[in-house]
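In the part that follows, the structures are each spelled out as structure tokens.
One chain, chain A, appears in both complexes that follow, with chain B as partner in the first and chain C in the second.
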Partner chain A sequence: MNTLFEQVRSIASDVFGLPANQLTADSSPRNVEAWDSTQHLTFILALEEAFQIRLSPEEIEQAQTLGEAARLVENKTLSQPR
Partner chain B sequence: MTTVGTAAELREEIDSSIASGGSPAAYLRLRELWRSEPNAGTAAFVVSRCGKLRGKIPFLPHRVALLRSFTAEPAVSFLRAEAFVMGIDIAVHLGEFNAYPQEILDPESALYHFSPDTVILAVQTRDLAPDLWRDYADLEPSVVGEAIDRVAGSFRNWITQFRAHSTANLIVHSLEKPAFPAFGVLDAQTAGGQSASIEKVNCALRAIASEFNGVYVLDYDGLVSRHGRMHWSDEKKWLTVRLPISANYLGQLAHEWLRFLAPLSGRIAKALVVDLDNTLWGGIIGEDGMAGIRIGAEYPGAHYQALQRTLLDIARRGILLAICSKNNAEDAMDVFQNHPGMLLRPSHFAAMRVNWSDKAANLREIAAELNMGIDALAFLDDNPAERELVKAQLPEVMVIELPDDPVQFASTVRDFPVFERLKLSEEDRQRTELYASQRERTQAEQSFSNKEDFYVFLQQQAEIAPAQPLTVARIAQLTQKTNQFNLTTQRYTEQQIAEMSGRSGWDVLCIRVRDRYGDHGLVGVAIARDQDADCLIDTFLLSCRVIGRSVETALLATVAERARARGCARLLGRFLPTKKNAPARNFYEQHGFRLASQSGPEMLWSFDLVKDKIVSPEWMKLMVENGGRA
Partner chain C sequence: MALSIEPYREQHEAAVREFNRRLIAAGADPNLVFYGHATPQWLPRTSDSGLYNEYFVALSDGVVRGGYALKHQNFYFGDGAVRSVAYYHHPLSEGIVDKTHAVVGSLLLRDAMARAPLLYCLGMGGYDRPLPKMLGKLGWSHWAIPFYFRVVNASRFLREMQALRTSRVRRLLMNLGAITGAGWLGLKSHNAWKAVRKPRLASYESHSIESFAEWTAQLWNDARNQSTFTAVRDFRALKLLYPPEDHLIKLQITKNGHTVGWAVAGERRRDPKFGDMRVGSIVDCWASPEGAVPAIQAATQALIDSGCDLIVSNQSHRLWQQALQICGFLRAESNFIFAAGKQLANHLQPFAANQERIHLTRADGDGLPRNF
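And now, the complex of A and B:
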């Protein structure tokens, strides 16, 4: 069984074109070269689609590390009926 | 929800296949991955890995420029991923946000420097016509008409300017209507409400587009309504990042683009091969019998009848139907001839393989019988095991992934991009009948011992004429679709054909053939251009259904005569070999040309127009028209 963080990480791995084992909870636009504003949006959209959630503009701003993105997804999936 | 386990394994398999040079296996798995998880993450993965298969998998290249008034970046990787899976390698130029008017008007813009094959103009109602969108309630009824004319005028101006600078295809999004019109339900109570006004702009856009070759309208409003306006839009993302479409539908927008880009890039199915049991009808005829199978106007047979209606519609686009089924042939024929619920009849099928052989072998035979490449076949079968077998053994075949529920069969087939056509010729609409008369010809041929006697009996007539506005579309279509008897395999758009036929020193000819069994329609093209004292044949092609009956000699003789009349001393012809055009290899040699030069596989043949003459066969009645230019 995969943890939610692993699922988020595998999506990030696809979007940013890096092997999953090179990504950690601290990965962010500062240390991932492909993580620019366009790819940030693609990453957010991929999360929204995969987990069937919608993130607010404020949350999109907040999701600046992989760990933070996973935490936001977790809050959303817990707070809305699946 | 993502199933990370199996998908992660698939990704590893793909990467190790690529690393070990197993391109077909990697491509097969990439298609499987995309089918199981067509989402944004997978899209990025598919694009990056398919990029590594370039040169190993025969992708059709296509260059697309996207001009837009909104954030379209996230849709681009969906577009490229789905295209790769369909065998198309799309390079994308993304216009600057909202800079589309300057890019169209400036002949030196990045748009034209990119030399696109196709340009998509995706502009929203709210950007182009804020008065018809947000402020409609404030518009005096008397100025609504002016607003409509202004927007239609902008479209006309952009399209005209674009055509002045480029011969690329242009796809224009139509304007979206609001989910909630300004006057509420009252909007539908008059002929001139908000929705009706936007529809008037769309009507005008369709009329303008139809005046130009290669300009097409994408029914954006239809696309949005098909998926539901409320689901489609994401107002928060529009306000913050200028992305008006929700994450779940970006793939649908990309898919809609592909319904145009598949035919524009040449990725089209010329024939659809269908299974019978549980595909064309519910149940198994060999076990359930005539009374047991489900096909008719009522549930549950209605789902299968809807699929049959879909196949009839597709056949009217010029796509041939064929059967490939594991069955007893008599049982199957009994259903076609005697079941009252069947819409399809044996005459609708150009080829049939009802036997117990494996389907890959049958598909190869069907392609050969229909005179087309295996990559021109689409395959429809409810059985996943048969689909997997075909995908593994014949990766070129376009396999339709049917869902389990037959209620979705018809819409799945209707949504499959390789059945899309952007132009229909008379030949396309009548293709099923053309193949029926072809069968009669083949039977007659067998009763003659001498080929020439058969030709005389056929009473063939050929009519050769320069390209005209009415034939430009069919000529372009033939250059795009003809693979076998095609000396140079140059692909041209309608715009290019129209332009070439207007140039001096160029001769764009087409040939129409009919005989006692009927009209073959427009089946051949020759394009020649003068270079000093030489005339060079740029394109020479014939549809395979008339090859070998001297039609090619008649067309070549005419090209030669016309070149001689223009004062040319030599006729030059190139042969550029491809995987498929071996039937044309000896053409020039057989007609008295001498090999002038050879560089690699490419050959240049030469014919002396002063001393020699190409004689058109006597049994062919030839009419040459010198009519106007296109």
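And now, the complex of A and C:
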């Protein structure tokens, strides 16, 4: 079963062009070379598309590691009306 | 950087002019600047039209850093429903000349996706460009719509076709072919062979028309079930897309007085990759199954008669691809990419299987009217 983190990591793998097993919860623009401001936004867009959520500008800024991105997605999907 | 994206209004026009000036000053192509007028000159919004353009600008402290356009249009789907779908086009970001604004491009697309849940892109110049790469990463469904060409003037083609002249050896061979007539002979043979194989079309008539009329409605209704996804091509839409004052050739195809198809064709603006050749395009078309070949043949002949050296067309539907091949067109590599956002792609599943019944042409991109 794919956990939410694994799904987020898979998306990051596609966006940053890295094998998923090279990405961890601590992966961030500091230690992932391809993770610049443009790719950060592409990553956000991909998360929004995949999970049908919309992140606020503050949340976009907050998602500075894979772990934080996964937590944000989890909170957003839990708080969505069913 | 606090960026807001909002509808382009008259009050933004001066800032857009400054934006364009900065782009050109930094070396951007002067033909690829943002619209100078807030109100679209082509397909402006009216109270009752489902076919219109909308422009948006990205502002930071009153300075324009980018913009994009949406063309809203009704599309017919395979389930019989008609839905409004938006075409994302003309995105421009200051990031192309100044890396400090690199995120603007992504923010423009994000804004468009929020405004128009059913969204597509078309054209884009090839998979090596930034936008198609980003769309791929976002999980959009996409494929390159087949490109077809027919050489009319073989000698000129062999001399001028820049895209083929990419190596010294190829240039030498093409010049040799042009000088000796071998190239002309080869293409003439191909065209002659195709003519022998073509079905008899004597019972069909082609009529050059200034504008579309009510007869288009019946043809639209009769033929739409051939497609799983197509822009609505009824009388109302065609009146807006092809007004009498445009420079395009419009043809009505009949058999025994009954309309079986139509085609729109025109000469493209000069393009460096075609050298000095006059290039015609079969821009748009619609027909019952029996009308497709006569429509392509009529459009081809009209472009030949107008003096075109080369004729091109992009067609996604199998019916039109077959018609082009029957009329002597050859298929070549395409950079005309169709990409559907996830919500739109959901309506087109199974995507790969449905491709051959999706009807998309050059008319569905941003080529009209600026490419002609």
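Please note the rule applied: the second predicted complex is superposed on the first by the 81 of 82 C-alpha atoms of A that agree within 3 Å, B and C clash if a C-alpha of one lies under 4 Å from a C-alpha of the other, contacts with A are read in each partner's own complex, and residues count from 1 in each chain.
In the analysis below, a residue touches a chain if its C-beta (ideal position, glycine included) is under 8 Å from a C-beta of that chain, and two chains touch if they have at least 3 such contacts.
In this text, all values refer to a predicted model and were calculated from it rather than measured experimentally.
When both complexes are superposed on chain A, chain B and chain C occupy overlapping space and clash.
Using the contact criterion defined above for the overlaid structures, shared-chain residue A:Asn75 touches neither chain B nor chain C, since it reaches no partner. By the document's definition of touching, both partners, chain B and chain C, reach A:Glu49. In the superposed model, A:Glu6 lies in contact with chain B only, and not with chain C.
Residue contacts after overlaying the shared chain place A:Thr24 against neither chain B nor chain C. In the superposed model, B is the one of chain B and chain C that contacts more residues of chain A. When both structures are laid over each other on chain A, chain C collides with chain B only at 94-102; the other stretches in 4-12, 22-30 or 94-102 stay clear. Across the two superposed structures, the residue set of chain A contacted by chain B and also by chain C is 14-15, 38, 41-42, 44-46, 48-50, 54.
Residue ranges of chain A in contact with chain B, taken from their complex: 2, 6-7, 10-11, 13-15, 17, 20, 38, 41-42, 44-46, 48-52, 54, 56-57, 60.
Taken in their complex, chain A has these residues touching chain C: 14-15, 36-38, 40-42, 44-46, 48-50, 54. The touching residues of chain C, when paired with chain A in their complex, are 95, 102-103, 105-107, 109-110, 113-114, 134, 137-139, 341-342.
By the touch criterion given at the top, residues 1-2, 4-5, 7-8, 39-45, 48, 71, 73-74, 77, 234, 236-237, 239-241, 243, 246-248, 250 of chain B touch chain A in their complex.
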